[in-house]
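Note sheet for the following structure.
We just call them A, B, C, D and E in the order they show up, numbering each chain from 1.
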Amino acid sequence: GDDGAGDSGGGDGTTLTVFAAASLTAPFEELERTFEADHPGVDVKLSFGGSSDLVAQITEGAEADVFASADTRNMDTLVDAGLAAGDPAELATNTLAIAVPPGNPGGVKGLADLADKDLNVVICAPEVPCGNAAVEVAKAAGVTLAPDSEEQSVTDVLGKIESGEGDAGLVYVTDVTAAGDEVEGIEFPESADVVNHYPVVAVKDSAHADLAQQWVDLVLGDGQAVLGAAGFGPPSP
Amino acid sequence: MSARTRHVGLPRWIHVPALLAGVFVVLPVAALATRIAWSDFPGLVTSPAARTALGLSLRTSTASTLLCLLLGIPLAVVLARSEARWLGVARSLVLLPLVLPPVVGGIALLAAFGRQGLLGAQLDAWGVQVAFSTIAVVMAQTFVSLPFLVVSLEGALRTAGERYDVVAASLGAAPTTVLRRVTLPLVLPGLASGAVLAFARSLGEFGATVTFAGSLEGTTRTLPLLIYNLRVTDADAAVAMSLLLVVVAVVVIGLVRPRGAL
Amino acid sequence: MSARTRHVGLPRWIHVPALLAGVFVVLPVAALATRIAWSDFPGLVTSPAARTALGLSLRTSTASTLLCLLLGIPLAVVLARSEARWLGVARSLVLLPLVLPPVVGGIALLAAFGRQGLLGAQLDAWGVQVAFSTIAVVMAQTFVSLPFLVVSLEGALRTAGERYDVVAASLGAAPTTVLRRVTLPLVLPGLASGAVLAFARSLGEFGATVTFAGSLEGTTRTLPLLIYNLRVTDADAAVAMSLLLVVVAVVVIGLVRPRGAL
Amino acid sequence: MSLVVDVQVADRDVEIAFEVAAGETVAILGPNGAGKSTTLDVVGGLLRPDSGRVVLDGKELTGADRWVAPHARRTALLAQDPLLFPHLSVLENVAFGPRSRGAGRAAARETALAWLAEVDATGLAERRPAQLSGGQAQRVAVARALAADPQLLLLDEPMAALDIAVAPALRQLLRTVLADRTAVVVTHHVLDALLLADRVVVLEGGRVVEQGPAGVVLSRPRSAFAARFAGLNLVSGVATPDGVRRPDGSVLHGTATDPAPREGSEAVAVFRPSAVAVHREPPGGSPRNVLSVRVEELEPLGDVVRVRAGDLAADVTVAAVAELGLAPGQEVSFVVKATEVDVYPR
Amino acid sequence: MSLVVDVQVADRDVEIAFEVAAGETVAILGPNGAGKSTTLDVVGGLLRPDSGRVVLDGKELTGADRWVAPHARRTALLAQDPLLFPHLSVLENVAFGPRSRGAGRAAARETALAWLAEVDATGLAERRPAQLSGGQAQRVAVARALAADPQLLLLDEPMAALDIAVAPALRQLLRTVLADRTAVVVTHHVLDALLLADRVVVLEGGRVVEQGPAGVVLSRPRSAFAARFAGLNLVSGVATPDGVRRPDGSVLHGTATDPAPREGSEAVAVFRPSAVAVHREPPGGSPRNVLSVRVEELEPLGDVVRVRAGDLAADVTVAAVAELGLAPGQEVSFVVKATEVDVYPR
């Protein structure tokens, strides 16, 4: 999008509004360009945020055409509210990775190091999806995490790692990719135990039901390559 | 006693904590400035996303400042000039948005004006959809900024007193004329300070906006929201835009303040 | 003219926008209150997490208010009493934390006092660790609240003038004595207002805290941070705690304000 | 445009009634707290009395169930402090009244210029009030009040704030302006009352204690305040063939004037402070009245010093004060010749 | 505790030098803007002069490279506005000075009570300043200044704000207090200068124009201001055998007193306003001086009216004003008998 004209259908073209979990920022911005190239006159507007915030906004009346969540729980909330047009489809999976500042000053090697009280360890709060995943992974691996902070979102975790405040943080693989040189990622085997599933759905009563479905189709079809490049895993079979 | 000021020296030690206070406020902003590659600065702050967000921020902050003036001036006048007992309570209530964490303010606004809010059905029936629109941004900013205007202006009105109002009335001016031609012109400096504070607060507003208005480019994504979004993926841009915000604020404050004391 | 007040009526229409302003501020908070199951209220606000967070909030807000007084009083005195040209600039700079979105303020604090910040190495060498500590919370709150105290107090000092200071000096009081026994007692109402504003702002602070200090129960998770967290999983609890925050703020404001005008 | 005032303000213990004929100027005199400003405020509509009425030219402004707002009364109140609007120019200040009463910009400007010429302040039109001297400001305030074209002009100590250098010119101006206007002036100066007012109303303790033509009240006062105001000594008592018998039995000898008081009726004896000589010891000789008093105050008045003792005053030279070593607390004799004492009915 | 002042303040065009002997009280007189307050501020250390020195009892307080801060000077400055600290009780106000100079709480309290007794205000000790009348407040301010135990007391128009009712009592108090103290008093009242000061220093335009014992300066002024201050008319010129020749050639006839001026030397002729009669037309007859003047101001003074014309003044009765129809701008004759005019060297 490039002008701030209207709510939904500004100018002579049509606007497609996509609400997506913040972790989808990079691939969705790329797909926006693809989509707009394929649909002249259509302006895609992306609104990123925590999945739960987005659901809350939609139930409070925000005009969204598509919703892509970072977890199934929040998608269920939307479906239960009767705001989904059809059944959600899974578009990608994501797993956790350890993020450390460039140069890995804390000398972190694996998940077990995150139990070290001398390191500044940062994870998401259990109330948000990435925090929930962190707790599960730790449980599965039998590690007692020693967090110095339980952040409100992945963004906050990455912020602490980038600024060097934190020595190690648990985020998604894709977040490490998105952050580029600012952080280094360390993959760890136990991450396979907890896989996060990303569902997508067109929102009911969308003014542009066709376009919304076409966006979903793009994401599930040609968009897979872009998602893969961003670090996402393929949808589970 | 003559109008001429006669000075008593300040204790010398007082400059130490005063300097410390100044450093504590200025150092972080200066540190932010060191984080930035200045050669990239022009490019970063003139990207389409930045320009859109800055434009939206300026438009909404201006609108909310006007709204604050429209609602806040009458409220301040009533609070300053009436002597009813219940006004003490009213004065405390006006400060509420100051204490509420902005995010909670946003939740409260949803509870009042959202689709499922107290007035939601009513507004829906009228075909008005405020949440998640640019109007919502302006409302969120107005909600958090109003106390600044009211507090500044009420103080100025009380200081100015009512003497000139009485003179104007006895010369035949009706209450509205008194307000327009005497009361308000006399407190112009206080009014300007209040408006600057409200504008500055609106410009920096984040939590209530993101909660009540969402974050949609061109519609609700103001500069602070964009900065928040970019913080991880493009930290340089985020810092550059923060400095842009600081510069805009300082320019606005600088333009308005010399005419009146804060 | 006699000291007795002579009143000129207000235009009647002015009560309409004034009422509108009041409603606009109060309605959202009231709407919030309707969201809550009052029978659950006591349980919600006395949960261990809530009590821990409230305790932390009160402790840190008190500490940051004290720090604001410690740093802000000298700064306000210097700003109000000196006539140097550069003070105009200094006065604008002090307002910076007001415009910065709190999250950016947090980033700026990291840039200055973080481990890799401007003073990080220095602080490390002294063995001071601010990251993820309660100290960081207090620093973040102080950063955003300091302008409130300074602006209120400077205005009060300018209004009060220097006449009594001169008298005190001529009676043999050294500058420090003048400050302690005359200057500050005389502006007590302004000082109280400033402290209340600073306390209220600290109590509601969210963005800078979460960015600069993180969020860990008992150490850095203040009430606003807890509310933000619970918002998703336990909306009722979040609303209840928001109201708790409002009540605490109103009580504090109510306790301090009657003695001085705001 | 006659004015009828008959009002009660209970919590200030004020109960005042008087009338002002069309075109007449009435001076209100009285000690601090007598109710002078209260009266003007009630007439101007700034204060609502508990009961009573204010009627201007037959139209009830304040009454049992009637209340005309201040701006609708066509009265203009000029306080002792000029209170020019600081954000407006002198011309805009003077034009404020006409504009408020609905005149157009050009018409209001013309009216204002005419009144500025009247008070000899045309040259000041473009200045801000801060650039005026005290006397200039007061003159502009007068022009502003008059430009509002009031049916009734209320002046509350219009010259109290003026320094001695500008008071005479303003007094001259007011004299011209008030000549054919209905006006009420509060003043503490005998000269103002004498030169500006047709009649005076004397208040004490919230009540009218004396009223009448200015010259009569000031030259032959009947109340203690009016006497003090006129700078005269007044002793009241009962008429005797050659003077006034005071309550303590002593007689002050004097000369009965025009309507000589009936013997035994209430009467007052009046004499000027400058007719009083001060002695340390009671002097011998007889045609004189000798009053033993205790000095209370010494008050400088030009080149004489007024020596006050109770209700009485004597004017002596500075040299005499030094010679007699006069100081408060001292017992002295006030001596006044019977020929200097006027006696008339109370 | 003698005081030597010799200071220059360039941007106010003030160059003043005078001395005060130990225990002496000096009154500073002069018109508005003459530099009176400036002088007190320099002595009190509130203003730094461009050059010059202030020496108190041999100790240099202000000098080329010396600067003692106001609080360390042991001078106390009492302004015309009492400025009692509103947040402290009367007792705490008076105890403020002793406490600041290091006295303990109990000792300071005792000192304060002693001084309150001195000014007859013991009963007010627990009140707040807001609960005092103007006169009470001024008395407490005096106690506060004295309790600070100053070596030098500076009073800037200490009675200007007082109403006529309390001034005499305070004047009496100051008279006692200043009797054996080193003090400088700025005043606009002749009686204050006469009763309080041993010597007067007259300032005009930032310069000392006359100084000497109070009685001498006020009864035989040599400067125009001192004459006006003392309420006297002064005409200066060159001595002739029977009077003073003015620059315009006319001669004012008078009586030479004590050191008769040498013929041709500078001399002044002085006479009292009350010795001047006012006529509409120049009267016939000869032993009188007739001065043609234009009336500038009418100023009420007790029961007389002072008619001002240029530097000259005449006192006439209110009745005479009305009779002659006196008004500013009118041309009249001032007539004074030669026997009423004192002539002496300038």
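The rule is simple: contacts are C-beta pairs under 8 Å (C-beta built on N, C-alpha and C of every residue); 3 or more make two chains touch, one makes a residue touch a chain.
Note that the structure is predicted; figures quoted are calculated from it, not measured.
K.L.:
Which other chains touch subunit C while also touching subunit D?
P.N.:
A chain counts here if it touches both subunit C and subunit D, which gives B, E.
K.L.:
Quick one: how far do you have to rotate subunit B to sit on subunit C, C-alpha fit, nearest 5 degrees?
P.N.:
With C-alpha atoms aligned, the rotation comes to 180 degrees.
K.L.:
Determine which two chains are connected by the greatest number of contacting C-beta pairs.
P.N.:
Going pair by pair, the biggest contact count turns up for B-C.
K.L.:
CA centre of subunit B versus CA centre of subunit D: separation in Å?
P.N.:
Centre separation, subunit B to subunit D: 54 Å.
K.L.:
Report the inter-chain centroid distance for subunit B and subunit C in whole angstrom, where each centroid is the mean of the CA atoms.
P.N.:
Centre separation, subunit B to subunit C: 16 Å.
K.L.:
Measuring centre to centre with CA averages, how many angstrom lie between subunit B and subunit E?
P.N.:
A distance of 55 Å separates the two centres.
K.L.:
Pull out every residue in subunit C that's touching 2 or more other chains.
P.N.:
Where subunit C meets two or more other chains at a single residue, that happens at 1, 6-9, 107, 111, 117, 163, 166, 168-169, 174-175, 178, 228, 231.
K.L.:
Which subunit D residues sit where two or more other chains touch them?
P.N.:
46, 69-70, 79, 83
K.L.:
Residues of subunit A that contact two or more other chains, please.
P.N.:
53, 159
K.L.:
In the complex of these two chains, what residues of subunit D are touching subunit B?
P.N.:
Interface residues on subunit D, with respect to subunit B: 44, 46, 69-72, 74-77, 79, 83, 85-87, 96-97, 100-101, 144-145, 148.
K.L.:
Once bound in the complex, which stretches of subunit A touch subunit C?
P.N.:
My answer: residues 50, 52-53, 120, 122, 125, 127-128, 147-152, 156, 159-160, 163-166.
K.L.:
Quick check: in the complex, which residue numbers of subunit A touch subunit B?
P.N.:
My answer: residues 1-7, 17, 22, 25-26, 45-49, 53, 57, 59-63, 155, 158-159, 162, 175, 178-180, 182.
K.L.:
Which subunit D residues qualify as touching subunit E in the complex?
P.N.:
Touching subunit E: residues 164-165, 167-169, 171-172, 189-191, 194, 215, 218-219, 230-232, 272-274, 296-306, 308, 315, 318-319, 321-322, 327-329 of subunit D.
K.L.:
For the complex, give me every residue of subunit C touching subunit E.
P.N.:
163-164, 166-175, 177-178, 181-182, 185-186, 188
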